[in-house]
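First chain written, first letter: the chains are A, B, C and D, and each begins at residue 1.
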Amino acid sequence: MENRDPIPDSGPIVRVLSIILGLALFGILATAVLELDVEATGLTDTVMERIGESGVDHPPTAVLLNFRAYDTWLEVAVLLLAAWGALVLRQATRLPEQPAARSPGPVLDWLVRMLIPLAIVTGVYLLWRGTDAPGGAFQAGGVIGAALLLLRLSGYRSIGLFSAAWLRGSLLAGFAGFMAIATLLFITGWTFLEYPPAWAGLIIVIVELLITWSVAVSFVALFVAARPDDSASGPVGGER
Amino acid sequence: MSLAGIWVILIPLICGLAAFAVGGRSARVIGLIGAGLTFLLSGLLVLHVWQSGVWIYQLGGWDVPLGISLRADGLSAFLIGMTGAVGLGISLYAVRYFEDEDEALTPDPSPDPSAPLRTGAGRGGTEVWLPGTSYWPLWMLLWASLNVLFLSNDIFNLYVGLELLTLASVALIILQREQAAIVAGLRYLLAAFLGSMAYLLGVALIYADAGVLDLGLLADAELTGTATQVAGGLMAVGLLLKAALFPLHFWLPAAHSSAPAPVSAALSALVVKGAFYLLIRLWFEVFESAGTVSVEQMIGALGAVAIVVGSFQAIRQARLKLMIAYSTVAQVGYLFIMIPLAGSFGDPEASWRFEAWTGGLYHALSHGFAKASMFLAAGVLLSALGHDRVWHLAGSASRFPVIYLSFGIAGMSLMGLPPSAGFVGKWLMLRSAVESGQWWWVVILLVGGLLTAGYVAIVLSQAIQHDVEEHTEPHPVPKLMTVMVFALAAMSLLLGLRAAEPLELLEIGAPFQTLMSMVED
Amino acid sequence: MSEFLIYALVAAALFAICLHGIITRRHILRKILALNMMGSAVFLLLITIAERNQVDGVADPVPHAMVLTGIVVAVSATAFALALARRYHAQTGHTELHDEDGST
Amino acid sequence: MDWGFWLPQIMLFSSLIPALVIFLLRDEQFWLRTSLNLGGSAVKLVLAGIMAWGVLAEGRTYEASLPFLHNQELVLRVEPLSLMLVGLSSVLWFITTIYAIGYLENSPNRTRFFGFFSLCVTATIGIALAGNLITFLIFYEMLSVVTYPLVVHRGTPAALAAGRTYLLYTLGGGVLLLLGIIWLQVLAGPVSFEPGGTIDFLLDDHRTELTVIFGLLIAGLGVKAAIVPLHRWLPEAMIAPAPVSALLHAVAVVKAGAYGIVRVVYDVYGLELSNQLNVLLPLALFAGFTIIYGSVRALGEFDLKRRLAYSTVSQVSYIALGTALLGPAATVGATVHLIHQGIMKITLFFCAGVFAEARHIHDIREMSGVGRSMPLTMSAFTLGAFGMIGVPPLAGFVSKWYLGIGSLESNAPWVIVILVASSVMNAAYFLPIVYKGWFGEPHEEIDVVEAERFQVAEAPWSLLGPALATAGISLLAGLLAAWAYSPLSLAEIVANQRMISP
């Protein structure tokens, strides 16, 4: 977004006031921080005591997908909403394909061919590692989303191939899949968001897979959806 | 019935996702089913809390502090009940509102009658999002996120809930993709984002200090340190920004007035209450021991300024929806007068604290119904007349008698005139102010009512004015919309005729339990 | 001064600087960036807390999880804001928020 | 079924339900609307009769308490004092409804008019039946709100301006009243209306507060009772259609204020406390001043309705004055005037409406000779005017007589001076109208043939009938004052209740 009509930033008075405000805020925050205990344990022990029941070995993953699965579930909904909000900006339900104006050129073409499989493998690896080391659905989704974007930016067809139903389905998969599993278990008498211990590991993997896919597609959708060049339809609905 | 608390979150989510997945015309049907079911479940939850007291649920079977718990006390049930009833009214209205809208936006009938045009699907492969189609899933998600917020008992989870609420609201504001709405939505998003960050920093500080995130445990911990005070300040500022308390209201008028009517209604009636709810929950449960009278008085003073400035701005507005939006700014001010009244001014054991607390919440309830009715009324006028300029409404009272009657009733409730729910709220708050000797709030509460009468009377007298100009025949408005406008206004009136039970509901699990026995008279 | 405090103070400073940025910068993109950085400041604080809370070499996983969740939430909000900003720019050519009354 | 519990509520619903149904009707649905109106008012009339019988002859009490707030209830109670206002408004609603149907035929927005009209009656009945302060407040404010659409009914700029003034005054008064009530309740807990008052126990500790609260309450009520300087809305509101002026501004609204004053003085503060606080003399002075001021202003007005309005300002303060005197006879005078003034003034307003409708006469200078063509209307007007002046044996005489005795009892001879002066002025502004109406030369109208000018041409019966009926009632109220069920007897019961109580 170029600054076509540059407007200067705030005038000196606002700046000075803002600096004073910033310093005051820093002062207040510093006082609070300095008062905090330098030694504490938080919930580390609590988590480590029960991690055996969670179905995974990596503590943050256990927290994310089991102990505090509710947060994660809702967070997928936040991502879904953002992607969806961006789609609302467009009138068409399908995402446009990159205008095939440029040909990739031999170097880019070679690089893309190399990078895409690598990215997918990396994504899957990250997902897999998530159970016992840093990694997991979001990292994996990010990498795969990046791969999709790379494809698109270098002139290949990617997300524009998706039909409206596919697009919606992909966006929904993580949240809806998570919800479906939780709801099914809930109906059959489990506590909401409780996994049967024997199945916990499997459920977490399934949920992570679905979330990975949704995250990847959501990122690309968010990137593509607000393309200004196809907004010719402009505002609709008359004077509101 | 004890699981209504889960279903009240799940059902709108399921229906919202289903509506999103199928799209088109069926979205409306699914949305409507979702609205009906959620309403019923909200009622069940209220009933459950009423009968069995506070409801607590450990998600995933993990006890706090490891897991997240849901908790419904009287306050949560009260607001969920309000959301259920207002939400149902808005949904029924929206059915016809967007039907009209979509009809206007659907491309000309295709020569091929078998083409499923009304499902929003395809000519030449380009499907079209109709505002009505997108409305239902987003609205269901908004509703669900409100319920998430009202039920969650975990300060970090509440952050996620707040973001969910914000994003759903913004997506609904921009539903019609108009320029004004996009600017308003963007500004709202940025303001809310800033608020969330302040809140999140507060959460981090609290966790660093207390090592837990559960509200109940935090309340028991009786935190008093500097870190808690700073965290409380950050969270309060963040939430005040989201609740649009003066001077942090700058984003509200444009956002609430540029959205489609059912969305405006939901934003003003319900979404603002989400942030307000969270603030008072934190204030009176967690930061009680860390708070000070001066801070409470300051928040109240901002509320007072909001009442005056918001009302004067409302009086000045030339467009009805903007007027109503500014009225929300003013009415939000009333809500925050509750903080110094229910706060620790004077005798911390006094009965007036509970009165102020219930009074403020009753005001929130009455505002919920009344403001929804007003925005929906403005929506009817806008669809029928094609404009909402206040000075061009002359003579429309005889063409839309029910709309203006409802507007008047809703206005009565906002003014706090009996018999209306607004009166009950005002009565309790006034009592509390007189009892505690905080006369300055008495003055502002009374003056605020008169200022409200100012802008309500402007609209009504314009409408009643004898029609001098020739008008084009108004665009017909579906009856159901008018009925819902009236129903919501009537609710704001009826809740003022018998307040004993709702007030009793608020006593369940209230943060002023020790005071319960003291309210004698 | 302990490691914990150094990081925590840096987070506090970053947060305050971002507030300054949000107030003084008019360009929407800068505002969004500042907000995003603000999020980073909070995440830095959370990570610092996680480190502080470690027991037997295991860092506190709850702040970690909070950061991971927070990042996704922040990314979502940022991306949505960017999408809105692009649309706004395409419609009006402005890069800063304008109302009818010209306030920003 | 427990009639004691249900009757007061049915009393309210008998006008509330018609009001709500009427709002759903279209303007053209004349018969349905009319039957709802008349049916509702007939039911109300019958119920009022039943309750009067029950209370007076069988000594029953009708009381309904409904839960409202924590431990604050809404109480509707029928006792002799409430019966007075209930009876007055039930009878006059019935008569005014007939009048209004005739008056507003073919005018626009009838649905709105009759809907709010019935709501006003509901509010008035609620005020009459209120058994405690909060119930009173609720209906009192409701009355302010529902009369507004009637004041601005015509939608002209003048009507809207009058509406603004009206709202400003009544809402402002409501605020004062609300504050006073809340303050009092904070000190005393829920305050119900009991003859003799219930808040004596506060005297020792809260003397100043009680005085200030009294001021707030009376100021809030004084707005509706149009006590100077809070009277300005009343003449302005005369812009409303005649039935509104008649029922609401002669009866409902101003009576609500006056009735409230009676309630506050006798049933909240009580004789003892009011005396000890020394708050009654100021009230009496304000009322006395209002009586004189209203009469003087009436003399200066030549618009018939405005003259009547100022006359109302003056006459309603008789009630406040009598109340402030506190003696038994003064109490009788005050409470009976509640009814008498209503009947007489509504007669005058009916007639004014008839003149306006049938002859387009708004100014009293145009009334010359109108008695020749409209003898019946003029007779009714004359009866009303004589009553106002206090000519025996009309109703007005009874009120003034008791007020006079009361002022002697209470050692306030200055009140007699006010009464006499006011009566003289009443005569001064009514008699010329009456004289001109009967004996004046009819106006020169070029296109009217000499013979036609003397032709009898009364207004339709739907307008004339009500005027004659109320004129007749005001005559009967005076003639039959000694009858056991006359307003006077009722007023005596009311006064006895309040005098005997400790």
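The rule is simple: contacts are C-beta pairs under 8 Å (C-beta built on N, C-alpha and C of every residue); 3 or more make two chains touch, one makes a residue touch a chain.
What you are looking at is a predicted structure, and each value in this text was computed from that prediction instead of being measured.
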Set of chains adjacent to chain B and to chain C: A
Chain centre separation (chain A, chain B; CA means) in Å: 29
Centre-to-centre distance between chain C and chain A (centres being mean Cα positions), rounded to whole Å: 16
Gap in Å, rounded to a whole number, between the CA centres of chain D and chain B: 43
Chain centre separation in whole Å, for chain D relative to chain A (CA means): 71
Multi-partner residues of chain A (at least 2 other chains): 29, 33, 36, 40-43, 47, 68, 71, 75, 78, 81-82, 85, 89, 234-235
Residue list for chain B, restricted to those that touch at least two other chains: 156, 160, 163, 167, 170-171, 174, 177, 179, 182, 201, 205, 207-208, 211
Shared-contact residues (touching 2 or more other chains) in chain D: none
Pairs of chains found to touch, sorted by chain label: A-B, A-C, B-C, B-D
List of chain A residues in touch with chain B within their complex: 28-29, 31-33, 35-37, 40-43, 46-47, 50, 66-71, 74-75, 77-78, 81-82, 84-85, 87-94, 164, 168-169, 172, 175-176, 179, 183, 186, 190-195, 233-240
Residues on chain C engaged by chain A in the complex (per definition of touch): 2, 4-5, 8-9, 11-13, 15-17, 19-20, 23-29, 49-50, 52-55, 58-66, 68-69, 71-73, 75-77, 79-80, 82-87, 89-91, 93-96
Parts of chain B lying in touch with chain D, wherever the complex brings them together: 395, 397-398, 401-402, 405, 408, 412, 415, 417-419, 423-424, 427-428, 430-431, 434-435, 442, 446, 449-450, 453, 457, 460-461, 464-467, 497-501, 503-504, 519-521
Sites on chain B touched by chain C in the complex: 156, 159-160, 163, 166-167, 170-171, 174, 177, 179, 182-183, 185-187, 189-190, 193-194, 196-197, 200-201, 203-205, 207-208, 211, 213, 250, 254
Footprint of chain B on chain C - complex, ascending: 8, 15, 22, 28, 31-32, 35, 38-39, 41-42, 45-46, 49, 52-53, 62-63, 66, 69-70, 73, 76-77, 80-81, 84-85, 87-88, 91-92, 97-99, 103
